[in-house]
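Here it is, the structure, as structure tokens.
A, B, C and D are the chain letters, set down in written order, and residue numbers restart from 1 in every chain.
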Amino acid sequence: MSTPAATAPAALPLASSAPVTGKALSIGLAGLAVTAVGLLISSPSQVALSYLVGITYWTAIAIGTLLLILIHHITDASWSVVIRRQWEHWLASFKWLALLFLPLVLATLLYQKDVVWPWMNPAHVMHGHGTVETDILYQKKASFLNLPMFLGMTASFFAIWCWLSARLRQASFTQDTDGNPQWTQMNRKTSAFGIPLTALALSFAAIYWVKSLEYHWFSTMYGVWFFANCIRGALAVGVLIMLWLWKRGDYKGILNTNHLHSIGQLCFAFTVFWAYVTFSQYFLIWNANVPEETFWYNLRELNHDGSISQWKYVGFVILFGHFFVPFLYLLSYKHKVVHSKIKPIVIWILSIILIDLCYNILPALKDEHGDAQPFLSLNLLWVLSSVVGIGGICVWAYLKSFPTTKLIPIRDPRIEECITHHE
Amino acid sequence: MPAEPYGLIATFETAADIYHAAEQVRDAGYKRWDCITPCPVHGLDKAMGVKRSIVPRISLAGGLTGFCTGMSMIWWMNSYDYPLTVGGKPLFSPMFAFPISYELTILFTAFATIGGMFIVNRLPMHYHAVLKYEHIRRGLDDRFFVVIEARDPKFNLAATRALLEQAGGLAVTELEA
Amino acid sequence: MSHGSDQAVAAPAILSEVKPAVLPRPALVANNRSFSWITEKICGIIEEKTPRWWWVCFGVACFVASFTVAGLTYLVSTGVGVWGHRNPVNWAWDIVNFVFWIGIGHAGTLISAILCLLRQKWRTSINRAAEAMTIFAVVCAAIFPVFHVGRIWFALMPGYLFPFPNANYIWPNFRSPLEWDVFAVSTYGTVSVLFWYVGLLPDLAILRDRFFAAGNKFRSALYGFFAMGWRGSNRHWSNYEMAYLVLAGISTPLVLSVHTIVSFDFAVSLIPGWHTTIFPPYFVAGAIFSGFGMVLTLMLPLRAIYKLEDLITQYHIDCMCKITLATGTMVGYAYSMEFFIAWYSANPNESFAFINRAFGHYAWAYWIMITCNVITPQFFWFKKIRHNTALVWILSIFVNVGMWFERFVIIVTSLARDFLPSSWGYYSPSIVEIFTFFGTFGVFSVLFLLFIRFLPIMPMAELKAVTPAADPHAAPDHH
Amino acid sequence: MSQLFPKSANRLPLQIVIYLFVLGGIASAGINYYATNKYSNVGYTPVQPVPFSHALHNGQLGIDCRYCHSFEEKSGFSNVPTSQTCMNCHSLIKTDSPLLAPVRASYASGDPVPWIQVHILPDYVYFNHSIHLARGISCVECHGQINRMEVVGQAKSLTMGFCLDCHRDPAAHIRPHDQITNLDWQRPTDPVEVKKIEGYVHDWNVKPPQSCSGCHR
């Protein structure tokens, strides 16, 4: 092996800790505090739904990270070994996400049943449909859409994700010390059953948390749509971590252009996949033109008086920003491998995912006419504060886990292949 | 006057040998030369100093043409030349025009890619001096060759032969044009 | 280690600690075979005297194919009424068989394209045959939509399907999903042929040279014509590989789009059981599933006959089994999601459609589908089963059967119980339909047999590229 | 294998491509023309059981179309006259012409003369004679100059494109009501007259359908 780099201190026992760990925690807490202040200014529903956007956003990214690790193991991939370690650290955020989901549950249980999900309150007045209780569509779905089911399912989603994360992390971290290939085999098996479990959990999470906000509406594609956003978010965060560690010097000599090219290609591929799923869903509903499905999109395009809703423009922002911009941008080889070129696009993708989630969640807030409350409103501030708050906690969890192990899985069977990775 | 040879050909046994030989020929400053290999050898492009292929740009042009063709064709046919209301759908919408435009994008990209590859490679070329070499068959089977063309400004029969032999080339032979 | 990173930075300290656990990757070409062994093995299949089993199979295949010819001749001379579909089941076997064959075709492109993009090198052993399978399956698929119009000369005449100026002064209706099908399937056929051909290029050059050396100038000229003067130049390889990658890159969304558009045929309508948004990815997963089933069905006998165990190793079979398992499970996910959303939608028509599928008149078909598509692949969880070639082959046939029934269930059950109870019916195929469909297996086999007789069944250049000998860094001077 | 292919072979592929393009162009142009009614139906002139001359009856003697095809203004279908109509005159004129034997036989027996239909539209096309005449479309537009024909043949292609030509631009084909059976009528060249004629499209509310269901009902 070659001589140690002048920039890196010789033979570090573990990855060096980052000084920003504490800062992330304070930023997170500050964000949460601002969100809490929002309760004094906006209505509880507005703040709660904004908070739902935040928690869904970071959970999606964590799920995506989990899936990337699972897929890495099942396909015996080598290119992603060094990055995988950072994904594993990111999984530390799951237990905090579970904790951060509690405020929504508590608000529902203790404060007001329909603060987020209208169907939780039988007396909730539907615009032009009477109350939830008398709504035939609710009655039909009541055995699925009820509070105990919701709580049990949500708890089990987090249980599944936390358990899988713990298993993957432990196996991988232990391998650093004993170099036993059994751990790789074990992770491969975990992945075999972990992928279907995670997939089911994320589909139903998307149905319960997001789709049921508008419980009249239904689409079989919804889970797949959520999956696409999860992976895209995780890849973008992965790229940012790679760039950060490179800039800090940790990854110098470890990472090469091809690693970035590979992850960039995945970003590109899932851009296409997201577009495919989202287009198919919209297209099939547009083409069939059945009122019981189109109302979901109509709500996001027109107000009751025929004027154009702000959400329509948000839809266009998503169409162009979530597909065309990254698609065309990432076509180029250079844009995938030059650090200063890939960075803006992954940040862009991360922001558009947030807008996509807003588009799916926030129109559940109605005004007195049954129209969606506009996009540009104070709610946006609570969305941002929740995203910063929960994000701060996630980053803190990652940074706290970061120094507990080696920077890269030094005893992974594929580590050498990874370091010499070429196309 | 004896006919000017096409160039010199040297045989190599392994991928590693030709890799190193290619680096030497490249460093010697030759431009009109080539390696003959039975399969793509990783890294040989870099060893030879070959630039990244321009084929993807041709493909992109093809794809854009295809997409525009699709959209404009459907608009022109269904909305302009023969407007016809069917199924309550608008005369033109990018929604229903998308599937076909998408297929045409791919079709045109494929044509552009393959056509581009053939043109950039100057193929088909059924007659070529290298293909007249008596052992060329091994070049598609399990041997590697380096060919340096006489057209190269640095070409010098003796010096080039020496370079090839020094790089480990076996059976250095002149190719007739 | 240092040669791997392309930035000129000194390696950091942590690299000195790197000491990988030993978990060797399975060799993709077993027994460390040499380049010339691969050439001899693959070319040997074409150069040997036609074996007797080939003639026997060819004869049987021709006989079976004649059923299609007979069925279609009768259809064209009499009229589409000879097929069994009528109100309310106006789409029946023709579309079932079309979707079935198109689905089969998908694995070919998938193995080639997606696995190429994902750098799954094990694709090299099976991609050529799988691509051939694609093309032949598209041919079989095309028979049904072309002939279901009855007077096929109208379907083939310019202007009716393809936009071409004509005396009727009309253009195709681009709002119709069936028109999208025309474009999707013809693009798919064309691009598949081109992709296959580009892959064949270097191998045709080898055959050209070998037949010339053997003194067979006619065949040498024939292969040589199509080899386009390929000479293995690295400057060519550079563009060639890039073009191949681009083709793989566009074939992947192409495969997805083709079955997506096939699914649109159903999903853009209002029929309960058809109009569901998950149809596109669900059809694609199903297509890949059935395609891998067919690849296994074809490759396992080929492996046994030609003793290709060094090239199609147990690892390859494992991989294919696992993909079959994965896609089978995805299909299972889609089935359950459909069922769940049918209930969740609280739409009585939608719910009825699914209950009817599972417990109505066609329940037998539904349960065959579930058994073959969801339960059968679950056996592939077990290593023991994956290592039993005969069993894998049998299970792969179950997969094929199951996927045919899936299309049957989707198409026939939804139509047989439409919105109007007075028009409810029961569909059974006529003998002409049965003949036509049965015969397509012969058509497919005839084409496939011709392929293995006259073209290299594996891409020699690519196989060589995945052996250690093709790696310039694993050369003797390094050990 | 350059031992196999001569140097000239390098030009061959380009030549083949050019030939294919040329052949493809010719083939598609040919199919476009020869596979249509324009080519295959125009000029169809079957031999009729009775050598009835439109040139004589209509052109020379000036019998109006509507004397024989008496429903054409009132019915969706234009009728072929019964032998009763023929006998209105031919019971007095040329009473024993051998050429008219089938007409007399038909008149006696009640079985129609087996005329062979010349202008045939497919079953899936709905065509209404009366509406076309009522909106000032003359016989000549579809049937050509019947008044000059010794034996009736198909003069126009009657393809869908042919129908659409007129449906898209009725002003170029419309004429005054009193001229619809005047097959020799010429469109005036005087701009004022032309404007008046083209104005009929508006006056008579002529809106020929261009949708599929206009004709394929």
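Everything that follows uses one rule, which is that contacts are C-beta pairs under 8 Å (C-beta built on N, C-alpha and C of every residue); 3 or more make two chains touch, one makes a residue touch a chain.
None of these values were measured; they are calculated from a predicted model.
Using only Cα atoms to place each chain's centre, name the chain farthest from chain B.
Most distant chain from chain B: D.
Higher C-beta contact count, C-D or B-C?
Result of the comparison of C-D and B-C: B-C.
Just how far, in Å, is the C-alpha centre of chain D from the one of chain C?
Distance between chain centres, rounded to whole Å: 51 Å.
Between chain B and chain C, what's the gap in Å when you average each chain's C-alpha atoms?
One centre to the other, that is 28 Å.
Approximately how many whole Å separate the CA-defined centres of chain A and chain C?
Comparing mean C-alpha positions, chain C is 34 Å from chain A.
Could you grab the centroid distance between chain B and chain D? Build each centroid from C-alpha atoms only and quote it in angstrom.
Computed from C-alpha means, the inter-chain centre distance equals 59 Å.
Give me the residues of chain A that touch two or more other chains.
283, 287, 422-423
Which chain C residues touch at least two other chains?
169-170, 209, 224, 228-229, 253, 264
Going by the contact rule already set, what residues in chain D reach two or more other chains?
1, 3, 5, 10, 13
Mind listing each pair of touching chains for me?
A-B, A-C, B-C, B-D, C-D
Which residues of chain B touch chain D in the complex?
On the chain B side, the touching residues are 82-86, 124-129, 131-132.
Contact residues on chain A for chain C in the complex?
By the definition above, chain A touches chain C via 1-6, 8-12, 75-76, 79, 136-137, 140-141, 144, 175, 179-181, 183-185, 192, 196, 199-200, 203, 207, 218-224, 249-250, 252-258, 265, 269, 272, 276-277, 280-281, 283-285, 287-288, 290, 292, 406-408, 410-416, 419-423.
If we count contacts the way the header does, which residues on chain B are in touch with chain A in the complex?
Touch list, chain B to chain A: 42-43, 52, 56, 60, 88, 95-96, 98.
Considering only the defined contacts, which chain C positions touch chain B in the complex?
34-36, 39, 163, 169-177, 179-180, 183-184, 187, 190-191, 194-195, 198, 202, 205-206, 209-210, 213, 224-225, 228-243, 246-247, 250, 253-254, 257, 261, 264, 460-462, 464-465, 469-478
Show which residues of chain D lie in contact with chain B when the two form their complex.
1-3, 5-10, 12-13, 210-212
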